[in-house]
Amino acid sequence: MSTFVLLTLTGLALAAMYFLLAAGLSLIFGLMDVLNFAHGAFFTWGAYSAWWTIDQVSPAGTGSTPAFFLAIVVATVVGAALATIVEVGLLRPLYARPIFQVLVTLGAGLTLSQLTSVIWRPDARVFAQPNWLSDTSTILGARVPNNRFLLIAAALLVLAGMLLFLKKTRYGLIVRAGAENREMVRALGIDVDRAFTLVFALGGALAGLGGAFGAAYFGSIDPSFGSVNLIFAFIVVVIGGLGSVTGSALAAVVIGLAQQFGNYYTSWAGDFVIVLLLAAVLLLRPGGLMGSTR
Amino acid sequence: MTSTTIERSATARTGTEPILRLANVHSYIAESHILQGISFDVLPGRVTVLLGRNGAGKTTTLRTILGLLPAREGTITLDGANLTRDSVHAVVRRGIGYVPEDRDVFAGLTVEQNLRLAQRPGATGERLARAYDLFPDLKKRGAQRAGSLSGGQQQMVAIARALVNDNRLLLIDEPSKGLAPVVVNQVTEALVAVKGTTTILLVEQNLAMARALGDDAVIIDDGRVVHAGSMDEVSGDEALQARYLGVGGHA
Amino acid sequence: MRFGGATIVDDVSFTVPAGLFVSIIGPNGAGKTSLFNLLSGLYSPSAGSVWLRGDDITGMPPFARVRHGLGRSFQLTTVFTGLSTLENTRLAAQASHPGNYAFWRGAGHNRAARERAAWALETVGLAGKERVVAGSLSHGDKRKLDLAILLCSEPEVLLLDEPTAGVSAEEVPVMLEVIRRIRQVEGKTVLMVEHKMDVVHDLSDRVAVLANGALVAYDTPAAVMADPFVRSAYLGVT
Amino acid sequence: MTARTVSKMTPGGLVRSLAPVVVLLLLLVVPRLSIEVPVLFNGPLDRPGNLRLLAVGFTLGIAALSYNLLFGFTGVLSFGHALFFGAGVYLPAIALRHWEWSVVPSLLFGLAGGTVLALAVGALSLRTEGVYLAMVTLAFAQAGAVIVGKNVGDLTGGEEGLSLRTRGLPEWMVGVVNTDNLYWMALVTLIVVYLLAWRLVTSPVGQVWKGIRENERRVEMLGLRPYVFKLLAFVISGALATCGGMVYLFLASGATPRVVGANFTVTLLLMVIIGGSGSLWGPVAGAMLYHFLDIRLTDWAASDTVASLPAVLSRPLRDPLFIFGVIFILLVMFFPRGIAGAFGGRLRPFRHVFGGAVARPAVAPGKTTE
């Protein structure tokens, strides 16, 4: 029983992390039709900037609580800033050449990820978090690290926030309408380019946030941190349906749990099951679980 | 026929300055040369109908005015200001409402959300209310997804969307397209109610609707203006219709 | 040939005897291109059936219909822009000579395909431009190449979607001449969507009028033009 | 608009057609050239280290060339190509080590395995298109990386990899002294693969591939089934990549997880873009250049000269992948046609496929335009 509870909760925490990464990817694809390979780098940078902040504010490897929360803010801001730079500087000039947009995000992802290695060396870094986060709580006999709960709570907040944003705000409406028919949105006098930048920045912010939490989840980070998780986030996005935030949330839960449970029994079954799941979804329901008929 | 004569005749007829002026506008879809030097004026307070057979370049004209297609040559002015090189949103914000050919309502959004999205900064609640008054049917369905509406209702959403702002000019593209005759009549009635409150450039192949609404008529063929005059003139001229609008004998 | 109905295209039924030239006209949104998509297999009908040369082809994917003798040109020119004109036509000719996919040989080795390709270019008046990259042709020449590609698939029935669309006024007569030549030399059955009434009048044996997805008239050009009902359907005049 | 014609043989064309022969002859005699090439190579050219550097470059060239059959000539963007190169490395390595097969059956097993794998992955993935295809193939590659990395069935050696079992190998393949033989093996494989690829792209099948790249819908309207031809491209390019992997196995004296998985596919893409996706030789040149810079920059970064530079300069130089990333971005933004594009005459195939908005309406009939 305790194993089951532990696996479920860590699986959900993993799902939460994937969701933070996938939600932005999904939004970006929905509105802009861009498969953003640089998203993993925003995640990596979120993790590194969080680690760096803690290192600056409370040195000697003791993460204080204020330092941790400051780190989360910094990670979010850094993610948003990098995303804005990539969108304005690299994607905008290539709007007429979609495949090259994908390629340039690949290049940006590679460069930005390697930049962390250039600045902070390629070795893994221990992520110092406050004791109350790395301590465990006992639930139904399972000792679960507290950062798992924080991650789940953050993802739920983000999910709620994004649904509110999409349903209630003007920019949310622009994003939803733009995913349907970009040209008509333009013809209503709306500056779609600005909406693109905003969505990209929002996605980057979420990825940065996810990176900081991911660092707490895994306890250490290295330059390939983002690219490893990006692949799973892609799978989440496809299974959930490109452009659907709710779909991403659902798919993230499926993937997170499958991976935790699968990998508990053998070291590889979880990852493998996910790939089979992806193949099955694409062949049986090409639009994804919650996908529209694009 | 040169562009200057058309402009002069239009201005001479009413003695007012045009709201919209196209002068020698050329535009392309991919590499195909669709507009080959279009020139005409739209006068304030009037409904100008753009006529011509399929493929003549009517929709392209509207899209070029909006900037959705770039004009490779020529100038487009609204209230005397050149908007040929402006981006689409900048053009629209000068006060243009657009009802596209295929309605293009946002199917996943509710009726209310469709209309709110169309509101530009400065749009008043009063205008929104008036748009609803014009289409009482829509008021009842404010919370309904636009995608679940009938074709006629979607056309009403598309028109209402152009009415929520205080526009100088409406561009309306074939509001009768693909609609059953009864629905065409409803749409015509609604547009008659709008007429007079604003200037309209209307693309329409349905002569009955064009007659009911039009003050001036511009006929284009093969991307060039071939006739400009009053709507009455065109309605009465069967030879002109036969020649440029499609059926009615071999020219 | 026999056609059954669909929804955007609403309950359209008509039969085209072999060797006839039929034009399809109608106002915007009447469903002309949709009808072509149904015939060529890009859309599938929700009800009804399509018959070609005595066989029901309703469930066939597009490529199978082509093998069954149906060829189509598109409203927007769709040539292979990165290939030369000869490569364009040769690709099409080779497609209709299956069994010639020996990959140890060069593409130029297939003699039947090569000759067919050269003949098609000649027929549409592109002889001498074999080595020109299709992307750099003028719009009119691209439309001709489009027809040449169509000819290379050796279809029995040709669907022409606005062959003169976007062609400059000076080049329209040339295109007409090309279409006429195809008709005379090959004796094919042709269905054409076209808006230029003089073109329709010139070429057609029969004219089908679509309005709101329904077939409102199907007769000789003269009879259709004179029909007051057609006029009202077309112009909305009552 | 002036009509561009396909270039005929001109004096310039003659030079262009002779150049490959000269380059080829030079490459064939490299193992017998005891000359120093300062800066570029360490010590005399025929030193085993230098030969290995070039030969590994050839195998990467095979991988990039085969990848480009799919990406550049058929217009299919797959992220799973490393899987087939990896199969070429791992399958014979496993057969040699665990089952103690001899060389020829091991290689045949590798080729068959890689081909069947490509058939299976291709048959499934090609039922999707565009980004979906990219992601499915990415996922398959990831599955391969997981199997290899996690040492499933105790066959692959996990992160450690699998060293080459030399006992079953003929003598001429073993040992540093025989590096020149391996060099020739790699070069001959490259030449054979190159000729095969050339024959393919100029054959009727190659014409159909190019047609699919330009406009898949139109190919279908010629009465052909694009799926079959895309699958053929997928399987052939997969099988050729497997060949490259098999030669790589001998040069690297073993298999490491580095050669499977998405990162290696990205590297292949990098090579293709650097070299130019419009030609056959471009990606080979791109791969050689990539590999050469990769090795040289790493050596160079460890040198005293670099260490004495200020950190702002020395640190990026230690990280070749960072530099490649920057180069890649610059190429995509400003020279999308790569090296081959800079030299080539008639190499401009992507403008229309990837040219975006202007070219796209052509594939979407049904929408009326006025």
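Chains: A, B, C and D, in written order; residue numbering restarts at 1 for each.
Rule of thumb we're sticking to: a residue touches a chain if its C-beta (ideal position, glycine included) is under 8 Å from a C-beta of that chain, and two chains touch if they have at least 3 such contacts.
Only a predicted model underlies this, so the values are computations on that prediction, with no experimental measurement involved.
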(message) Starting from the defined contact criterion, work out which chains touch subunit B and subunit D both, please.
(response) A, C
(message) If I rank A-D and B-C by number of C-beta contact pairs, which comes first?
(response) A-D
(message) Rounded to a whole Å, what is the gap between the Cα centroids of subunit A and subunit C?
(response) 50
(request) For subunit B and subunit C, let me know how many angstrom lie between their CA-based centres, rounded off. (result) 32
(message) Quick check: how many Å separate the C-alpha centres of subunit A and subunit B?
(response) 45
(request) Would you please write down the residue numbers of subunit A that are in contact with two or more other chains? (result) none
(request) Could you check subunit D for residues that touch two or more other chains and list them? (result) 353, 358-359, 361-362, 368-370
(message) Going by the contact rule already set, what residues in subunit B reach two or more other chains?
(response) 29-30, 34, 54-55
(message) Going by the contact rule set out above, which residues of subunit D touch subunit C in the complex?
(response) 1-6, 199-200, 202-208, 210-211, 213-215, 217-225, 346, 348-349, 351-353, 359, 361-363, 365-366, 368-370
(message) Can you tell me which positions in subunit A touch subunit B when the two form their complex?
(response) 170, 173-174, 176-177, 180-181, 183-192, 292
(message) Using the touch definition from the top, list the residues of subunit D that touch subunit A in their complex.
(response) 77, 124, 127-128, 131-132, 134-136, 138-140, 142-143, 146-147, 150, 152, 262-263, 266, 269, 273, 315-316, 318-319, 321-322, 324-326, 328-329, 332-333, 336, 350, 353-358
(message) Give the list of subunit A residues in touch with subunit D in this complex.
(response) 29, 35, 90, 93-100, 102-104, 106-108, 110-112, 114-115, 117-119, 122, 227, 231, 234-235, 237-238, 242, 267-268, 271-272, 274-275, 278-279, 282-283, 286
(message) Residue numbers of subunit B touching subunit A in their complex, please.
(response) 66, 68, 87-89, 92-93, 96, 98, 100, 104, 106-109, 113, 116-118, 120, 161, 165
